[in-house]
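In the two complexes below, chain A is the common chain; its partner is chain B in one and chain C in the other.
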Partner chain A sequence: METVTLTIKNQPELFLEAETIAPDAFAGKKTEEIADLTVYVGRERHRLGDFFEISGKAGATPEETKIVVNGDLSRVKYIGMKMTGGEVVVNGNADMYVGAWMQGGKLTVNGNVDAFAGTGMKDGELIIKGNAGNYLGAAYRGDWRGMQGGKIVVTGNAGSDIGTFMNGGEIVVGGDADVHVATHAEGGKIVIKGNAKSRVGGQMVEGEIYVLGSIDVMMPGFVYREDVDVDMDGIKGRFALYEGDLGERHRKRKGQTIYAKLYQRIEA
Partner chain B sequence: MTKTVTDVICPFCGTLCDDLEVVVSDDGKELLEVYNACAIGAEKFLHSQAKDRITRPRMRQEDGSWKEISYDEAVDYTAKMLADAKKPLMYGWSSTNCEAQSVGSEIGEAVGAVMDNTATVCHGTSLIAVQDIGIPSCTLGEVKNRADRILFWGCNPAHAHPRHMSRYSIFPRGFFTGKGHTGRKVIVIDPRPTDTASLADVHLQVEQGRDYELLSAFRIAFRGEQLPDVVAGIPKEQIYEAAETLKSGRFVIIFFGMGVTQSLGKNHNIDIAIAVTRDLNEYTKAAIMPMRGHYNVTGSGQVWGWLYGFPYAVDLSRGFARYNPGETTSNDLLRRDEVDAVFVLGSDPGAHFPFSSVKKIYDRPAVAIDPHETPTTEVCNVHVPVAFVGVETGGCAYRMDNVPIETRKVVEPPEGMMTDEEFLKHVLARIKEIKGE
Partner chain C sequence: MAEYLIKNGFVFDPVQGIKGDKTDVAIKDGKIVATTALSSPKVIDAAGKTVMAGGVDVHAHVAGPKVNAGRNFRPEDKLFGYKAQTGIERMQGGFSVPTTIRTGYNYARMGYTTVMEAAMPPLYARHTHEEMRDTPILDQGAYPVFGNNWFVLEYLKNHEIENAAAYIAWLLRATKGYAVKVVNPGGTEAWAWGLNCDNVHDPVPYFDITPAQIIKGLIEANEYLGLPHSMHMHANNLGNPGNYTTTLDSFKLSEGIKPNSKFGRDQVMHHTHVQFHSYGGDSWANVESKAKDIMAYVNSHDNITIDMGQVTLDETTTMTADGPFEHHLTELNHLKWANTDVELETGSGVVPYVYSPSIKVCAIQWAIGLELALLANDPMRVFMTTDHPNAGPFIRYPRIMKWLMSTEAREQQFDAFKHKDKVIDATNLAGIDRELDLYEIAQMTRAGPAKALGLAHMYGGLAPGLEADVAIYDFNPNEPYAPDDIETAFGSAEHLFKTGVQVVRDHEIASNGNKRTLWVNAKVNENPQVMRDVKEKFLRYYTVTLNNYEVTGHYLPNPYVIEVDATQ
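On to the complex of A and B.
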């Protein structure tokens, strides 16, 4: 695998829209060609090289390309957007839409990210070693097909609206989550290792949520069924199983109604 | 001698009352009296006659004082500011006609602006919910003639839409509602005992910020499933009873306002309220409608919906329309320093935005187009006074139920004053000159 290293040298006056920072755009290009890729500040077009020091070279295909981005990227949007393979490592905080509509490969952020990370994700791995903003792994506005596959791991806390309209894949939050977890979800799995606030699983049709800490306010549509032992992927303990959302539509399989499942840990 | 103009449209709130009578002087230059309007609507007409009204554009001087400038100078300043900016914000658009909104959109396209209207701090969240799950709605005429179950959720029309209840929702006698208010059951859901709640048959005093849970409980109650003993501070018996009241109606209408659109959960509250309406249609006829505030905020959503496919927060900076509330909404743009110039028309963000956003308007080049002196004009570099739409010039406006109504000119504006549309047309022409088109 070949590595391209980007180091931010000029901060944009407004925000930099840099969806070209992805293995797919870099693959098969020389350093000068990568520097010529287009980025935007407002309505102005610029070269990627106007803002970044670029070294190394890209592989022949996205799968053979690794991108390392260094510096304060808190004013850079769309890093790793729509990437299909390869690897991106961000050393610093990044702004919105990190790994949005990601289809494959691995994206690691050693820092915090703002909202809309992993929006409409299809596949691949998104690892955030810090905190994530709102709408982590959520659907794009108006889309009823949210996250379809892949895995998002956040070591810190996450904001509100995690996994809205999710129907596949997995989101793991190491810390706490804000309101609205898996709203409208039709599948997939969300694990919150810290505490959740309220509106966990509202309007949820199918899928699973695991909360290891507390839930401030339980949705009225989730009913307690039984206590179960869980031991999978490092999550272990006795959990109370709730099913819901009773107010939402649910399909039947062999005469049995399929509900969404909410597990809350009662004993480690 | 005076003359009376009948069937005048009121350009204040989204109810867009169309039965006002206005008395004007014989030469049509002075507006003397207003009949049938609510106190706010009447004041809007009468305020156009204020003796201290500003009738010429003004530019802020170094020492903070205003200097009168010509419309030409104001056009030039505005055009240059917009053409120079990398990403200007063009905000407001709710207290003007669709014709001006359309010319403004052309400017937005030419300069790559973000176009946003007052829905951004109002019913924008409702628009997100509508995009997510659709909306079963109706017109206010249907409400008047058919609705026998009226639910006001997080809104207080007694103060915000004063004639709404008498014209459409509670009191009127319609085709199938001949008994007026005695044939209707009114439910108000609000954490506060409002004046609207005092008119209701049932007032459910929901715990602040727990609307989502209560709406979810209604859905569970409709299905006859088991509820916890208390949801959102309301005992389950009251929820089952209210659910039964709604199901037993012939036509249910849910009106909702800022109490749910701008409290915790925002779009999700509306999303689930729409789901409640959809559920009710399994048992009876039900519809839901946002209580839109400004008289033509609905119209700007219509104009942009038609032009760009999105009703507010439209980012045109890259030559195509993008939309994502949370990113392309005015307060997010201002507070994150994403825009470098601000143009305001037909709204008062200075009064309604958080102070942290207003400071950002003050920090960058800004122009306000408004007939009045407002908190916004105080933080702008140039203030351009214009004629009142619906009083001194006509034009199309959309009522809260998306019915277009042509407003009327009843009196002449002060000599030499431009309308919103005229000013914008001049700005557009000047921008085209600057850009060499």
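On to the complex of A and C.
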């Protein structure tokens, strides 16, 4: 695998929209060609090289390309957007839409990310070694197709509205999550290792949520069923199983109605 | 204005009966003229290319509040589809519910110059006109909806045709409307009670009138006035298995009524998006095509025209004044739903829909639309539409041409269906080997709709005296071609003239044109009763005053008025 290293040298006056920072855009290109890739500041078009020092070389395909981005990227949006393979490592904080619509490969952020990370993600791995903002792994505004596959791991806390309209894949939050978890979800799995607030699983049709800490306010649409033992991917203990959201439609399988499942740990 | 001479093209013009012969077309002062009338024209070499009149769309939802609701509640429809301003082209966005700017440009790119907005809620006529005003290039008109309007229900309950006609004339003038549109007659009003009208004899709650009375009454009122277009109908029971009987019952209400119009049309009823109204079976499990029954009727009755409502197998946005249908649809696909009641007049709903080739019903719908066109004896009475955006976006017209013109293209699509065999069993299409030619396509997309709209004196052909709306396509019908060549060529006109102005040059938008808004000013005898009813309804029920209702001059910066005298 070949590595391209980007180091931010000029901060954008507004925000930099840099969806071209992805193995798919870099693959097969020379350093100068990579510097010529388009980025936007507001409605103005710029070169990637106007903002970044670029060194190293790209592989022939996205799978053979690794990108390392260094510096304060808190004004850079869309890093790794739609990437299908290869690897991106961000050493610093990044702005919104990191790994949005990602389809494969691995994206690691050694820092915090703002909202909409992993929006509409289909596959691949998004690892955030810091905190995530709102709408982590959610659907784009208006869309009913949220995260459909792949895995998002956040070491720290996550904001509100994570996994909205989730249909598949997995989100693991090491810390706490803010309000609205898996709203409208029809599949997938969310694990919150810390505490959750309220509106957990609102309008959820199918899928699973595991909360290892507390839930401030349980949704009235979820009903307690039974206590169960769970031992799965390092999550261990006795959990209270709730099912819901009773206010939504639910499909049946072999005569049994399938609900969304919410597990809350009661004993480690 | 500049003169143009389009030389040596293969011309397809049903108005003059030209079937691909090499003919020169001359343009002067915005009109088609005899070639001898030119003095120093700019010559356009169309050798080896196809030349047709500008396309005419008889039914599309392109402007107004429900289109805008679709834009507003579907940000995902615009995602990744923006195009920045470049040169003369303004910024464009949206796929199934494009911006007004993209609407105008995309029609022009296909060689279309006239597009009718198919459902204008009278209360929101101002909004509709504002959007049409902002749609470049195209000549447009809008059909106000009448089929659930309280005035109409009250007059027609007692068969007061003269009063209904006077009200129609007043409303066309107040809203600057073009024709009488009917959507799920009575059913949308019933929806305000949480009900629907499932067939033509199902009475409307409170008003105690049947859809049959509304339909027949509006046809009679339309002919009383002698409007350019006929009554334009979306029947009850749209989109339900087994609904073809309701469609035939609705057709039959036109029997025995003859057109009374100086505008040259032969029909008294135009039935729109008939694909959605041609279903047999009694559930989605056994739904089947009844296109043969429908077309047997249409082929044998000269006073009806129809359009297809062809499903294009895209993700799209459905929108209709048929409020109960949209509720039915959201219950089926569980996607988001917008619903509005328009006081005293109509209602509407909007729901996104994905016509997937993997779903049997979607594939059956696709086949039914094509069957309607391929079973037509007279292409002058069966028009190409997608009921944009309901069955698919209008930008797919060239793809529909490909399917209509090529059995190979249809076979390719059949092979792409997940349930190919079941679809073939439930439809007739696989057994139809007809391939339409460009002359028939010109009938279905130009001359036919222009005639049905009562606009044959302006559009639809290339005879001297007609508006100089001329499309030139990079397509040689006399050379061998692959099916996809049809779609490519007709999706991107090489040149397009609109009333003599070149709006597309070398496949690029060259001008924002000279857009006009068509409306019909029908003069009737003074009718104090109707005017009293109007004042009373505004006083008692409407939330706006008459002064805030009527569409006044500045909404139509470039109006084109068609005068009708129905005084007696």
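As a working rule, the second predicted complex is superposed on the first by the 268 of 268 C-alpha atoms of A that agree within 3 Å, B and C clash if a C-alpha of one lies under 4 Å from a C-alpha of the other, contacts with A are read in each partner's own complex, and residues count from 1 in each chain.
In this section, a residue touches a chain if its C-beta (ideal position, glycine included) is under 8 Å from a C-beta of that chain, and two chains touch if they have at least 3 such contacts.
Since we're looking at a predicted model, the values are computed, not measured.
Asks: Label the relationship between chain B and chain C on chain A in the superposed model as either fit or clash.
Replies: Here the two partners, once superposed via chain A, clash with each other.
Asks: Of the partners chain B and chain C, which touch A:121 in the superposed model: first, second, both, neither?
Replies: neither
Asks: Classify the contacts of A:76 with the two partner chains as first (chain B alone), second (chain C alone), both, or neither.
Replies: In the superposed model, A:76 contacts neither chain B nor chain C.
Asks: Once the structures are superposed on A, label A:96 by its partner contacts, choosing first (chain B), second (chain C), both or neither.
Replies: The first partner, chain B, only.
Asks: Is chain A touched at more residues by chain B or by chain C?
Replies: Greater contact footprint in residues on chain A: B.
Asks: Is A:246 in contact with chain B, with chain C, with both, or with neither (first, second, both, neither)?
Replies: Only chain B is touched by A:246; chain C is not.
Asks: Taking the superposition on A as described, I'd like to know which of chain B and chain C A:203 touches: first, second, both or neither.
Replies: first
Asks: In the overlaid three-chain picture, which partner chain does A:141 touch, first (chain B) or second (chain C), both, or neither?
Replies: It touches chain B and chain C both.
Asks: Out of 42-50, 330-338, 420-428 or 456-464, where does chain C collide with chain B after the chain A superposition?
Replies: Here chain C runs into chain B along 330-338, and the other listed stretches stay clear.
Asks: Show me the chain A residues, by the header's touch rule, that chain B contacts in one structure and chain C contacts in the other.
Replies: Touching chain B in the first complex and chain C in the second, residues 43, 140-142, 144 of chain A appear in both lists.
Asks: Which chain A residues qualify as touching chain C in the complex?
Replies: Answer in residue numbers: 43, 140-144, 249.
Asks: What part of chain C is in contact with chain A in the complex they form?
Replies: Chain C reaches chain A through residues 73-77, 79, 84, 334-336, 352.
Asks: Considering the complex alone, what residue numbers of chain B touch chain A?
Replies: Residue list for chain B touching chain A: 85-87, 111-112, 128, 131-132, 210, 212-213, 216-220, 222-223, 225-228, 231, 264-265, 268, 271-272, 275, 279, 317-319, 323-327, 336-340.
Asks: Of all residues in chain A, which touch chain B in the complex?
Replies: Listed in rising order, the residues are 13-15, 17, 40-44, 96, 115-116, 134-135, 140-142, 144, 165, 179-180, 183-184, 198-199, 202-203, 217, 219-221, 223, 245-248.
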